[in-house]
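Two complexes come next, and they have one chain in common, chain A, joined by chain B in the first and chain C in the second.
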Partner chain A sequence: MRNNSSRFIERSITGALSFLRNSVFADDIALQKGYLQARDPRIRAAGIGVLLLAVLFARSALFLSSAYLLCLLLAAASSIHTMFFLKRTWLFIPAFAFFIAIPALFNFFTPGEPLISLGHGVSITEQGLHGAVIFFTRVLTSVSLAVLLSLTTRHSVLLRVLRIFKIPQVFVMTLGMSYRYIYLFIETVQNTFTAIKSRVGHVSSVRKGQRAVAWNIASLWLRSYQLQNQIFSAMLSRGYTGEALILYEFRAGAKDFFWLGVTIAVFVFGLWTNRYLH
Partner chain B sequence: MHIPDGYLGPVTSGVMYAVMLPVWAVASRMVKKTLRARQVPLLAIGAAFSFVIMMFNVPIPAGTTGHAVGAVLVAILLGPWAACIAVTVALVVQALLFGDGGITAVGANCFNMAFIEVFAGYYIYKLLSGSSPIASGRRVIAAGIAGYLALNIAALSTAIMFGIQPLLHKTANGQALYCPYGLHIAIPAMAGEHLLLFGWIEALVTGLVIKYLQKQDPALLAAGKEALR
Partner chain C sequence: MDKSVFALEDVYFSYLGKFPALCGITMQVQKGSRVAVIGANGTGKSTLLSLLDGLSFPDRGTLYAFGEQLSERMAGDDDFWRLFRRKVGFVFQNPDIQLFCPSVREDIVFGPLQMGVSPAEINKRLESLCAVFGIAGLLERQPHQLSIGEKKKVAIASVLAIEPEVLLLDEPTAGLDPQTSREIVDILFKEHEKGTTIVTATHDLHIIEEIADAVHVIGGQKRIIRSGPAEQVLADQAFLQENNLIHTHSHRHKDTVHTHPHTHCDHHQPR
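Here is the complex of A and B:
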């Protein structure tokens, strides 16, 4: 256990850095040519929002599975490598949802018509199986849509899109600035950790490990606070007057509205299937 | 405690957005009123800080790890309204920019972590620390207790949201459509892991960070106290 806990900070930081590197890679995909990349970012975000709503309201496993297939098609049409997309979407949240859904298959959590009897009064019920399939495909399709938006839209553009949707300026400005700080902070934490490691070696116990994490967080706040004045001076030197200015250069065309129309049609179709499909 | 997309039905997701809209409006008005131009970067720093705290895995005896939310810590350092905006931004960054999901659940996640946890934690800390000096040990204990209690209150709220799904959304033959477990399972499961595990991580991180800040630069805690009320 000591050996395992001794490298936990390193694992945290490595994980965080690789997570952030993936998100930088996401900007590379957003710059490639593809179906979603070619759509106006406002209409692209609105369309994916409509599809998310369609998935949220859906009550049919068939509709949800079809919506997931649509996600795979959109990914392929948007220059996203299928294996990369599957890895990015199946890990973590859907995998966790899969394990959460397993107990709900059985009659002691979901009573109903027995489908497969396992003996000793334990069975998988029809209601449990259908409920678990709907739950899992809904989570998977929702995550896939969120990842599609994030992969095909440059993060700086996505932040500008939020402003267009009348999100209060204080949120958009904070979002834009904090996004840049996250990278800086991870780097700061990594440097602090390297400094600790070079002076005292690996953290050897749980208690010392907990203290090292707390020290790291406190040190991060100290450094961040000191940054505040320098950043404000930099903002002033770039012409900041108390209002953040955002440039809009988006142009929507017929193909963009066609995409939005298709997503609305999918939403309406989803509502219709709720009455006829299960 | 982060709720991904697909766990909550449209009613809960919609109601939580509706509840959070006025909270965000008041938070943005309060911060705009009290925020001095020089402190604008502080808000963004608070949001990034909150995001990064969620990435720190803390070792737990038995060889596993867990992470803190850091909402109470940010509330103590920036004040509750600014912390509400900072934690909201951290959650939106996770949901939107990093494709972690939770776009339809942003209202619910923000209600639990940027509203309930922030305000409960801040006022518990204020009540317990009273008028003690900035560098007193009482503040460290108050911060730890506030972190523990606020996280558990937020976890209970999350468990209730999960647990009411089978009551709100079920087909005629009893098939669940969203989170499949009722209140009798969701509450003990969430309460158990947060009372026994994650609450202690939050308490430990919140208390120890306040202790280190007291040692390194107590003026900073005082500045935070005055900053964005």
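Here is the complex of A and C:
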């Protein structure tokens, strides 16, 4: 029984690491054919940016929900499996938003007309519920948009686009290095884990693993930091100057501008709903 | 002086000022030559190559590359380094470090892109490297999805894409099967025929005669204890044994019996 549960721990840790690596770092969706992939990366990013602004300014729950629906449609049109997309957005990131939104439901944070009374003077208010719904859909949709862009754009292309939008080189370079660092860190953890496994058979507890291999966060950070330095040398050696460069030229066509036009229309519509839909 | 690519005079280097890694290296590398640096683990081969590549600088002694002295003072000279990086390519010992891009394709084009080579020319190089290394099918893979042999090939291809005049290789065949080793040795041979200067650090005595004309042996004292033509150095079995260069090898060969009786030096003696 004990043995089974430790195998379970082992499998879920390795599983989580692989999932993290594959979902955050894989470029395979970006290489597939799909609506967003076919757009010029600069305009793809600009359009997503416009939609993001629309979502940030919107105050109508109806509009925000529709924008989220639009994200799902875009994902489907860009050969992203809906389940995969939902997992990425729902499980990973907006969980935090949910926890922030829940307290706002209640009357000590957002006073107003009681909608549901829970007794002892605590009740869910209408204003509170409305605020929470708006906040939640806004975060969910923003995160979905960001995920859409990152899934459909190769990492190196994304960095290049940021440079084209005049984001300073030092930021883009830092972003690129952080990305490599996280990658390395996951890999280091994975390797350490394999090393522990090969010495103690399987990992039943962190403490047991610790005895076998220097398994602690400090040594992991240090190791991946050293690797990072070596990688930086390897980059320098091949002429790295800090600039994000890619092989092909971007080319924008009528379809790309149509996409940008649609997103601007959505933005304007979003502002309009603020006034007339509440 | 003008035919010399590297000239080192009594070079010392230590990590963080307290872990000595090179203690008085004096050597020269001529243009178009093939040099091997051999020595047991920890004798400073990798450190020496990183100094030759200008990634760190000597604590003491002088190191000239293309007639210019490499030192901290050169660090800010962007024009020099741009030219230097185009001339010198370094294949690191660990391909996981060498391959830092999300895909094989991006890794191969990284160097030439940074150096401002035109896209048409880069594509031409990419195509010919794919043919030479047989890696066309791997271009969209992530580097960690490759076998060790594939990684090593891609690592070498990513450096050859720069078309360097000088190639520094750190253990290019370590841990590879004979077939893959063979392919890499052949590719290096062709590179040399094109006029590329090749400096290889290795303890794989198998390949030395094929990849080097001159050999420098670094000893446990972290300085060069013998230099000479490959044949001559490889012939002195007692010397190699003493310096921990054939000891491990003869062990391994006893397991696989008779295919390579004793050491590789034996083949050479009858000549």
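Methods note: the second predicted complex is superposed on the first by the 173 of 278 C-alpha atoms of A that agree within 3 Å, B and C clash if a C-alpha of one lies under 4 Å from a C-alpha of the other, contacts with A are read in each partner's own complex, and residues count from 1 in each chain.
We take it that a residue touches a chain if its C-beta (ideal position, glycine included) is under 8 Å from a C-beta of that chain, and two chains touch if they have at least 3 such contacts.
Predicted model, so just to flag it, every value in this text is computed and none were measured.
Once the two complexes are laid over each other on the shared chain, residue contacts for A:112 go to chain B alone; chain C is not touched. Touch criterion met: A:185 reaches chain B, while chain C stays clear of it. Using the contact criterion defined above for the overlaid structures, shared-chain residue A:225 touches chain B, although it does not reach chain C.
Looking at the shared chain after the overlay, A:258 reaches neither chain B nor chain C. Looking at the superposition, the partner that touches the larger set of chain A residues, chain B or chain C, turns out to be B. By the document's definition of touching, of the two partners only chain B reaches A:59; chain C does not. Within the superposed three-chain model, A:155 lies in touch with chain B and with chain C [touch as defined at top].
In the overlay built on the shared chain, the residue A:165 is in contact with neither chain B nor chain C. After overlaying the two complexes on the shared chain, residue contacts for A:239 are found with chain C alone; chain B is out of touch.
Residues 26, 155, 227, 231, 235 of chain A touch chain B in one complex and chain C in the other. Only residues 25-28, 31, 154-156, 180, 187, 227, 230-231, 233-241, 243, 245-249 of chain A touch chain C when the two sit together in their complex.
In the complex of the two chains, the chain B residues touching chain A come out as 4-7, 9-10, 13, 24-25, 28, 31-32, 37-45, 47-49, 51-53, 55-63, 65, 70, 73, 77, 85-86, 88-90, 92-93, 95-104, 171, 173-181, 185, 204-205, 208-209, 211-213, 216-217, 220, 223.
On chain C, the positions that touch chain A within their shared complex are 50, 53, 55, 82, 85-86, 89-90, 92, 94, 96-98, 100-103, 106, 109-111, 113-115, 119, 122-123, 140, 142, 144, 158-159, 162. Remark: chain A residues 1, 4-5, 8-9, 11-12, 15-16, 19, 23, 26, 49, 52-53, 55-57, 59, 88, 92-93, 97, 101, 104, 109-112, 126-128, 130-132, 134-135, 138-143, 146-151, 155, 158, 168, 170-171, 173-179, 181-182, 184-186, 189, 206, 209-211, 213-222, 224-225, 227-229, 231-232, 235, 242, 278 touch chain B in the complex.
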